[in-house]
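Think of it as A, B, C, D and E in the order they're written, each chain with its own count starting at 1.
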Amino acid sequence: GCGAKKSSAKPLKNITVVLDYVPNTNHTGMYVAQAKNYYKQAGLKVKFIEPGDNSTSVGLVAAGKGQFGVSYQEDVTYAHAKATPIPVKAIATLVQHNTSSFVTRADSGITSPKQFENHIYAGWQSPSEAAVLKAVMTQAGGDFKKLKIVGANGSGPEGLGKKGQDIEWYFDGWDGIKAKQLGVKLNTMPLRKLDKRLDYYTPVLITSNREIKQDPKTVRAFVKATKQGYQYAIAHPTASAKILKRADKTDSLKFLTASQQYLSKHYTDTPSNWGAMTSKVWNNYTGFMKEYGLIKQAIPAKDMYTNEFLK
Amino acid sequence: MIELAGVSVTLDGLPIIADLNLQLTTGFTAVIGPSGAGKTTLLKVLLGIIPPTSGQVTVAGEPVTGIHTAFAYMPQDSMLLPWLTVAQNIALYARVNHQPVATKRVTELLATAGLSDYRDFMPAQLSGGMKQRVAFLRTVMNPAGFRLLDEPFGALDAMTRGSLQDWLVGLPQDLQRPTLMVTHDIDEAIYLADRILVLSARPARLIADIAVTPTQRDRHWLATQAPLHAQLYDLLQKESQALANA
Amino acid sequence: MIELAGVSVTLDGLPIIADLNLQLTTGFTAVIGPSGAGKTTLLKVLLGIIPPTSGQVTVAGEPVTGIHTAFAYMPQDSMLLPWLTVAQNIALYARVNHQPVATKRVTELLATAGLSDYRDFMPAQLSGGMKQRVAFLRTVMNPAGFRLLDEPFGALDAMTRGSLQDWLVGLPQDLQRPTLMVTHDIDEAIYLADRILVLSARPARLIADIAVTPTQRDRHWLATQAPLHAQLYDLLQKESQALANA
Amino acid sequence: MDVTKKLYPLFSFLVICVIWQALVSGLKVPPYFLPGPLAVGHALVADGGVLWHHALTTFYESAVGLVIASVVALITGLILDAWRWLYNFIYPLLVISQTLPVMVLGPLLILWFGFDLTPKVILVVLMSFFPIVVALVAALQDVPEEQIQFLQTMGASRLEVYRTLKLPLGMVGFFSGLKVAATYCVGGAVVGEWLNAESGLGYYMIRAKNGFEIDKVFAAIVWVVVLSLLFNVLAGWLARGYHWTLTHSK
Amino acid sequence: MDVTKKLYPLFSFLVICVIWQALVSGLKVPPYFLPGPLAVGHALVADGGVLWHHALTTFYESAVGLVIASVVALITGLILDAWRWLYNFIYPLLVISQTLPVMVLGPLLILWFGFDLTPKVILVVLMSFFPIVVALVAALQDVPEEQIQFLQTMGASRLEVYRTLKLPLGMVGFFSGLKVAATYCVGGAVVGEWLNAESGLGYYMIRAKNGFEIDKVFAAIVWVVVLSLLFNVLAGWLARGYHWTLTHSK
């Protein structure tokens, strides 16, 4: 017999987080918070839902299937641009700057969105994706109508430029590094360089308005612990990669470490201020969307995000 | 007593039975008539399966208004349940009515029919003649006082048929009941029946009602009945031709 | 001439035909035997469908080694093709052999069988007796010199059967051919055949070979054949019982 | 009588719509969770032209796939019936092919055949081929040996046995299989489009879904149902047409 | 004889594998495009334990869904047969439900029912229910009216007619439907897992696919086939078991 006392008297609160993609270095902070018991200390028991194909977290979080989700500024904006807005809000950005880029094979000669004309873009088939493409092509003087958009065939960097998959949209710190390790040379067109208004937040942490209203304490506790996790990941890339490896059985530690070393530097410019967003970035993107006729009217930034839980 | 008073049946606009008046009491009655005349329809009217378009059927004074249980019915197709043994098929009446099975009686009946060794056989393992005997024993286990048999030997070859006719004739007195049997075999009608009803071509009317009173019911006697056979044959032949010309 | 020399057939280890010796030349031969004796098997051996386990079948001196075309065969089931009209079914031989259809002959035959009005009917629209007549006419259109009929009237009621027997007897001389017919009806065999072969219970052996020589082939004459009927009935009855006791 | 029967499902469909709308309105279910039939109807009308355009693509892919599947199934069925030993080898593989989830095959087909019509048509063929070939082979093998032998005693060649007897009987099975396939085949095209396409109802659906417009997803589903029933009806007509030519030959 | 027959498909399977491997090796097809059977075999062994774990999840979901579908189909079938007017209303809707592509329903089910077993089981039920209920109702309606009337002349109640006659005959249809459903049902679970899960063969597959490890995708497909055949065999046993109890009752 052994009468060891339970350390915590209060039962942990069950929390579900709906991810946007398979576990990757964008998520490392959360896996660290899980592994280092930051969530537990915050009174939370967190379960990550790894989505399968074609799944977006906005609807699921709005429907209450999870308290939190990982999404993108484009999706949150799009969710609010409807007759009946979908009541979700961004509560932290996981990465401060947009580290995603349009990429083509180095030998394709496609180095500007204008040259996308008469080529094929392979993506994940969301309307916001088409919106961004339309905007960057128009801006570069191209004709968006001459771009063909299809679903990616899943052949990865090695399949880029083959089977008519000329252009894809990569996270520099993930697919970009994968390509490098596979020896696939890329032309990279970072979004933030194409138009500074495209330096939007991706990915972001979201929750539902209902959650904010009914249980702000939990939201705060979750964001706080998550922030702690990301701060650790910023400080200890190698150790964090090892933690992530436990959740990501598919990728090699070598790759994860490389990716982590890249992204740890990009999560934020100021670790103490991790997750914070500005209305300017939100408004920039909304303005951009409106300029290209992709949304009808501007959406107030405060409807779409809040920094309140980071404080 | 069973009585049909002015019974007519029309199915899908087709007159099948026309103004049939008939009384059945005891004894063995055979019904013969051309193919498609309406013989099975007549039985179904008696059973309450098909309601007459006009007229009335009464059984022991009670008008028939739907399916009832006054008859022990043996359908044209033997309809043994293939997943039940011979003994279980024979005892179907008890099974359907949640009654205890009279095992001793089943055993006796099986012996009467020469089927003692086949008690636990499945119907698929039996020859055609055996199946008909089982179907007949199942009818015997139905306590209803009057039997309706629809071509009980229709599907059998001449020899098997002959043996089963002999078996029916030799049935012990206590197993015999008032019976109405449909057949298309003139010899069978003469051999088995006390009374032969001849139906016309469709729509069925009663065109002859003949009493048969043998001194001794055996095949020697049957061989002497050539004139009756010829009389019935001619009657039916005329009706069959009437049908063919219609 | 058709000859069976010491023909035996065993199917799945079961002896069906045992050492059958037989010669068939002209005239109408009827084969009777208990149910399951091996009658259909015998026809299939002649047709080359079932190879004999031992012995040999020769047709006009040629040994039979597989399915051949020396017989005009009418199967036990009439097997009309339901998507062809009466006329097309009758002319099946020509269709199958890519020959021009002898339309005039089809018209004549339809008239002989009283089917002139039914030329363009579908089999499903015909009565059982009509179907059998169509199947028989189809056999007539087969130019093979010898007919094999397997219970041509087996599925019919007594009256329809009677009419078709009368029709066959009255068939014009030019439509008649040497024939081997299987039947289970003793009267039918006597009425139609010049020669009656009686087969034993399985395995089939030849237990009687009886010549029939009527002065006048009609039903009055048939009524006088009670002794022959009785003789055949007793023979078959014994065989059927042998089968039941086996 | 027959018309009344065809109205039954329409009636039950209406009943369901009314209950569904009442629930959605009564419980104030948000449209991104479950749209009511009115919202779906509105989407059907509002996006009418676009849906029509996508439906044409899907119709085309399904039709091409169904035709290919029918032809290949007819040939395969006849071969499998004519050479029974081949049947023993190949039939189990056909059964196994049916256990593969279309969703898993889809991405592989797209990887192998690109994003044009080919992978969608192949998916349609994969979904349609099996029910047709199974029903056809069953019907062909159901033809009684006695009937075949009967024709052979008339001197019918093997080819003639097929032409006169086996094919007419086999086609009954073929068409019953085709009716089943017709009901499923549109689903195959939609899966292919869902994964990767330039147009088609599946293409429209995934974009609507990712744009959180479930009403449009439902509108596209309505079109899928309509196309499926259309193919089913067409297959029925074909069967009747075949039967007509059969009974009116020569 | 029977054993030889079971070896035929194994043999043809081997032939296919040999040709496939020869092509892949000969043409030097890159593994991210199409792995050879040796690579798949290697993945099967190397990931054996993991695959076994995921296969158990899929087996469990499929089994639960199949059982639910069977029970609901049995009840629905009996009700549709007993009240024919209901049949006229509901049957067409069942047919329509079959035209809905599972892939489109999947995301909606997850939106409505969340991430646990429920949506996967519902997908299995949706794929299994229809073939069972169709075969059951067809068998029930095939019971000759004459036989029912015959029992009624013995005084059999409606319930007794079902117990004695219609159910035993209907179950033949039920089990033939179950065998079909058993072949398809695993696919339903995999689709559900593919969309969202914590474990299961679909979960494994999507991860393998996203990691460009097509050999592992194929290894999982092999497991899907094995599970499907297993369910098919189990359904066959159940059918025989039912027949045994039927013929050995009392």
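Keep in mind that, in the parts below, a residue touches a chain if its C-beta (ideal position, glycine included) is under 8 Å from a C-beta of that chain, and two chains touch if they have at least 3 such contacts.
What you are looking at is a predicted structure, and each value in this text was computed from that prediction instead of being measured.
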item: Contact-graph distance - origin chain C, target chain E; value: 2
item: If a chain touches chain C and chain D alike, it appears here; value: none
item: Inter-centroid spacing, chain D versus chain B (mean Cα positions, whole Å); value: 51
item: Computed distance of Cα centres, chain E from chain D, in Å; value: 19
item: Chain centre separation in whole Å, for chain C relative to chain A (CA means); value: 86
item: Centre distance in Å when chain B and chain E are each reduced to the mean of their C-alpha atoms; value: 48
item: Multi-partner residues of chain D (each touching 2 or more other chains); value: 33, 107, 111, 194, 209, 214
item: Shared-contact residues (touching 2 or more other chains) in chain B; value: none
item: Residues of chain A engaged with two or more neighbouring chains; value: 54, 59, 63, 154-155, 159
item: Pairwise chain contacts, counting only pairs that touch as defined; value: A-D, A-E, B-C, B-E, C-D, D-E
item: Touching residues (chain side chain D, partner chain C) in the complex; value: 146-147, 149-156, 160, 164-165, 168, 243, 246-247, 249-250
item: For the chain C and chain B complex, residues of the former touching the latter; value: 34-36, 114, 127-129, 156-160, 162-163, 184-186, 219, 223, 226, 230, 233, 236-237, 239-241, 244
item: For the chain E and chain A complex, residues of the former touching the latter; value: 30, 32-33, 107, 110-112, 114-115, 193-198, 202-203, 206-213
item: Touching residues (chain side chain C, partner chain D) in the complex; value: 44, 47, 49, 67-69, 71, 73, 75, 77, 79, 81, 83-85, 88, 92-93, 95-98, 101, 122, 142
item: Chain A residues within the chain D interface of the complex; value: 54, 56, 58-59, 62-63, 78-79, 82, 84, 86, 120, 122, 124-128, 130, 148-155, 159, 163-164
